[in-house]
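Each of the two complexes below includes chain A, the first together with chain B, the second together with chain C.
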Partner chain A sequence: MTTKDKYKKVAYYPGCALEGTGHAYNRSTKAVGKALGLDLVEVKNWNCCGAMEVKNIDPKIQTYLSSRVMSVAANEMGMDVVMAPCNGCYHNLKKAEYDLKNDPSSVDVVGKLSDKAGHQAYKSGQVETIHALDWIKGAIGEEGLKERIKNSLAGIKIANYYGCMYTRPRHIFPEKDQGPGSESTSKPHFMDDLLAAAGAENVDFPLKTACCGGAHTMSDSDTSTRLVLNILKAAKMAGADVIATECPTCHSGLEMHQIRAEKRLGEKVDIKILYFTQLIGMALGLKPKKVGVHENVSDSMSFLKEKGLA
Partner chain B sequence: MPIHEKSLIRPENLKTHDQLVIDGVDVSGHWSTFIESRVVSDYNEALEAEIASLPGGEHIHRCWQCGSCTNSCTVNAINPDFNPRYWIYLIRMGMESELLRDKDIIWQCVSCNKCTYACPRDVFPEGVMKATAHWLERKGHTAKSPSMHFDEVFAEQVLKTGRIEESRTIRRFFARTKQGLFQDWMVEMVKGLLRGLPVGLLTRMGLATLIAPRTSNWSKASAAIQEYIDEQHTKQEEAMSLAQLIDTARRDAAA
Partner chain C sequence: MRSIDAIGTAIETPTREASPEQAAGELLALAEEVLEHWVLAKGAAPTTETREGFRLLALHRQGAQGDPSFNACRETCREAAYHYNLVTMQPDSAATDQRLEMMRLIVNHLFLFVSGKMQVAGLGEFCCSSKPIRLAPGQEDRISKEA
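The block that comes next holds the complex of A and B.
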């Protein structure tokens, strides 16, 4: 089976953030899937992946929580691919996969907890976890996307921001850094590739994988504000109109600290922040509301009108 | 960029004489600067074992002090005192009192994993930072950090309902850390959200505040997780006090 066929119908794991502050990402991902003729089947009765917070309390509990999601997809739904658009969820499912493949004590803990919870334990290799970027790139590809573009993003300069959890630490992403065609952990390019296919101009952005301080966005906000300010300024200096995001924590972090930097540090950086799925959706001819632009905290409507997308 | 180790020299240890002539040579002012050597007398030989007994700290023994972690560190770039390489060194040497000088900033690691990516020895410095922050709190050297409060609020909610409803987590975190909810930037964010009039989203969020979204049939999983956390906690307590006992015995034997 080719990747194209394999990714046509995947189990969809939105995760907690996409049901709340990241709802625009949820909406735009689903809308893009529909427009591209791809089938998303939501993981039944899913639970939190454990995020950074539960990992900090106990890493093996995070492994268990993530493994339960994969177990439901594999054992109760018979799916072999799980697509998670949130970097945190994607990272945690990948980490659980790595742990269960390489660490017998994790297998032991997950086995015991799954027994007590009353479901089948997940076994490494049962599903392949992918990001929304892998999904569009694998199922449609740049050429396929080009054919479907109705509203080119020509004239829009984009800084692609990937964040931390999509590429680090590299050992949990064995499929990356495997030569031509694979994603790079030091200079990721999947988002660049897709947006370029949609007609946008990607600027040379040095902080693609810099940290937004998302882990401490509430508990150490001043640090996060400084880190986000770096990212916003670097994107602006690189000539970008828009920062494209692929993670609800990064996205809301950029939005929150863009405001906070203005309030607390008196630094205003005027740059638009949009999910990459919102940009691709609009390039496919969807209206801004269909991809949840009105659900973003930052305002990009007048910019989108000016560029002929709204 | 090399680590500017001079920042490790404490200002109070820099000695300078305003007026000093040695062998007829005037060495007044900074010409006579010398650094008083540090004297560390209270080693905790069990320190490394204690940190290694906590989740994340398991691989600290692999470190060969190359400094890649500090060099790649996000927090170090904005605060040069945040120095993972140096802390790993102190822990492995058992220099507890030196480590305690930085006790209030170690929790600030943002878990970006740049160190873990750069580390040639798979020490997992990000994990070591978490283990050290936990150690500081559990030994009573520091109060619970805001980050720890956030982790606890978050984990409690996951245990209870299986899922996170963000506004609840944030409200509880603010209550527990005694901060007002209506911060200027928060008000601005809400205004920003209202601008687009996302009626559907607001209704969803409003409903979620009233009725928390939950994973059904979660009680058994929740109980199993709680049981595991308690078990681990007991084991870690044992490992930490055991390490301390060994250390005391060694000191007694030496004395």
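The block that comes next holds the complex of A and C.
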């Protein structure tokens, strides 16, 4: 089976953020899937991936929580691919996969907790976990996307922001850095590739994998605001009109701290922040509301009208 | 070696008289000092070796030993080195001023990331999350209310 066929129907693991602050990402991912003829089957009764909070307290509990999601997809739904659009979920499922392949004590803990919870333990290799970027790139590809574009993103300059968890740590992403066609952990480009196929002009953005301060946005908000402000300024200096995101934590952090930077530090950076799925959706001819632009904190409507997307 | 706060101030204050090469050299030195603080805080002596021609990259490698989360600033260090090369190899380019300003933002990001992380080192496997231990008692209420 080719990757294209394999990714046509995948188990969808939205994760907690996409039901809350990242709902626009949820809406736009589903809308883009529908517009592209791809089938998303939500993982039944899914649970938290363990996020950062559980992992910091007990990494093996996080491994179990993530493994349960994969177990449900594999053993109860018969799926062999799980697509997680959130960087945190994607990272945690990949980490659990790595742990269960390489660490016998993790296998032991997951086995015991799965027994206790009354479900089959997940076994390494039962599913392939992918990100939304892998999904569109693998199922449709740049050429396929170009054929389907109705409203080109031509004239829009984009800084693609991947955040810190999409590529790190490298050892949990064995499929990356495998030469032409694979994703790069040092200079990721899948989002750049897809948005370029939709007609956008990507700018050279040096902070595409830099920390957004998302992890301490509550405990040390001022540092988070300064980190975000730095990202916004660098994107603006690189000539971007828009920062495209692919992580709900990064996205909400950029939006909230853009406002906070103006209030607390008196620094306003006028740059739009949109999920890559929103941009691709509008390029496919979907209306802004269909891809949840109204659910974003920042207002991009006048910009989108000016560019002929709304 | 300057204090971490003094480094932050120096990053934000461009040296007006400096040539582009000097300004880039100063920013690179500030980035190295940031990482020296991190390495010292971990109880090691900052390396004087270089990697791919840059002490900054050797210091990052040293700082990430036993602490994989520190790789979250690996590309930031590499971008600082790249921009240093751009400025020093093409000082007469029309883009030099912009490249220097971008390098300043990159080094500032490294400073913010490392200085924030130094306050919470040891807490968390991958991310830099945790309580703001630099805050004085009483200030935490303000943060909680704001959150």
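Just so we're on the same page, the second predicted complex is superposed on the first by the 310 of 310 C-alpha atoms of A that agree within 3 Å, B and C clash if a C-alpha of one lies under 4 Å from a C-alpha of the other, contacts with A are read in each partner's own complex, and residues count from 1 in each chain.
By definition in this document, a residue touches a chain if its C-beta (ideal position, glycine included) is under 8 Å from a C-beta of that chain, and two chains touch if they have at least 3 such contacts.
Note that the structure is predicted; figures quoted are calculated from it, not measured.
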{"item": "Three-chain arrangement built on chain A, chain B and chain C clash or fit", "value": "clash"}
{"item": "Contacts of A:56 with chain B and chain C, given as first, second, both or neither", "value": "both"}
{"item": "Partner chain in contact with A:155 - chain B first, chain C second, else both or neither", "value": "neither"}
{"item": "First (chain B), second (chain C), both or neither touched by A:207", "value": "second"}
{"item": "Chain B versus chain C as contact partner of A:223, first or second or both or neither", "value": "both"}
{"item": "Partner chain in contact with A:299 - chain B first, chain C second, else both or neither", "value": "first"}
{"item": "Contacts of A:237 with chain B and chain C, given as first, second, both or neither", "value": "second"}
{"item": "Chain B or chain C, by number of chain A residues touched", "value": "B"}
{"item": "Contacts of A:174 with chain B and chain C, given as first, second, both or neither", "value": "neither"}
{"item": "Partner chain(s) touched by A:256 [first = chain B, second = chain C, both, neither]", "value": "first"}
{"item": "Footprint overlap on chain A, comparing chain B with chain C", "value": "52-53, 56, 59, 164-165, 168-170, 210-211, 213-216, 218-220, 223, 226-227"}
{"item": "Residues on chain C engaged by chain A in the complex (per definition of touch)", "value": "68, 71-76, 78-79, 82-83, 98, 101-102, 105-106, 108-109, 112-113, 115-116, 119-120, 123-132, 143, 146-147"}
{"item": "Chain B - residues contacting chain A, complex", "value": "55-56, 74-75, 78, 108, 110-114, 116-117, 122, 124, 126-127, 130, 145-152, 154-155, 158, 162-167, 170, 173, 177, 184-185, 188-189, 192-193, 195-198, 201, 204-205, 208, 213, 215-218, 220-221, 223-225, 227-229, 232"}
{"item": "Interfacial residue positions of chain A with respect to chain C in the complex", "value": "52-53, 55-56, 59, 91, 164-165, 168-170, 186-187, 206-211, 213-216, 218-221, 223, 226-227, 230-231, 233-234, 237-238"}
{"item": "Complex contacts: residues of chain A adjacent to chain B", "value": "16-17, 19-21, 23, 45-48, 50-54, 56-61, 64-65, 68, 109, 112-113, 116-118, 164-165, 167-171, 185, 210-211, 213-216, 218-220, 223-224, 226-227, 255-256, 259-260, 263-264, 292-299, 301"}
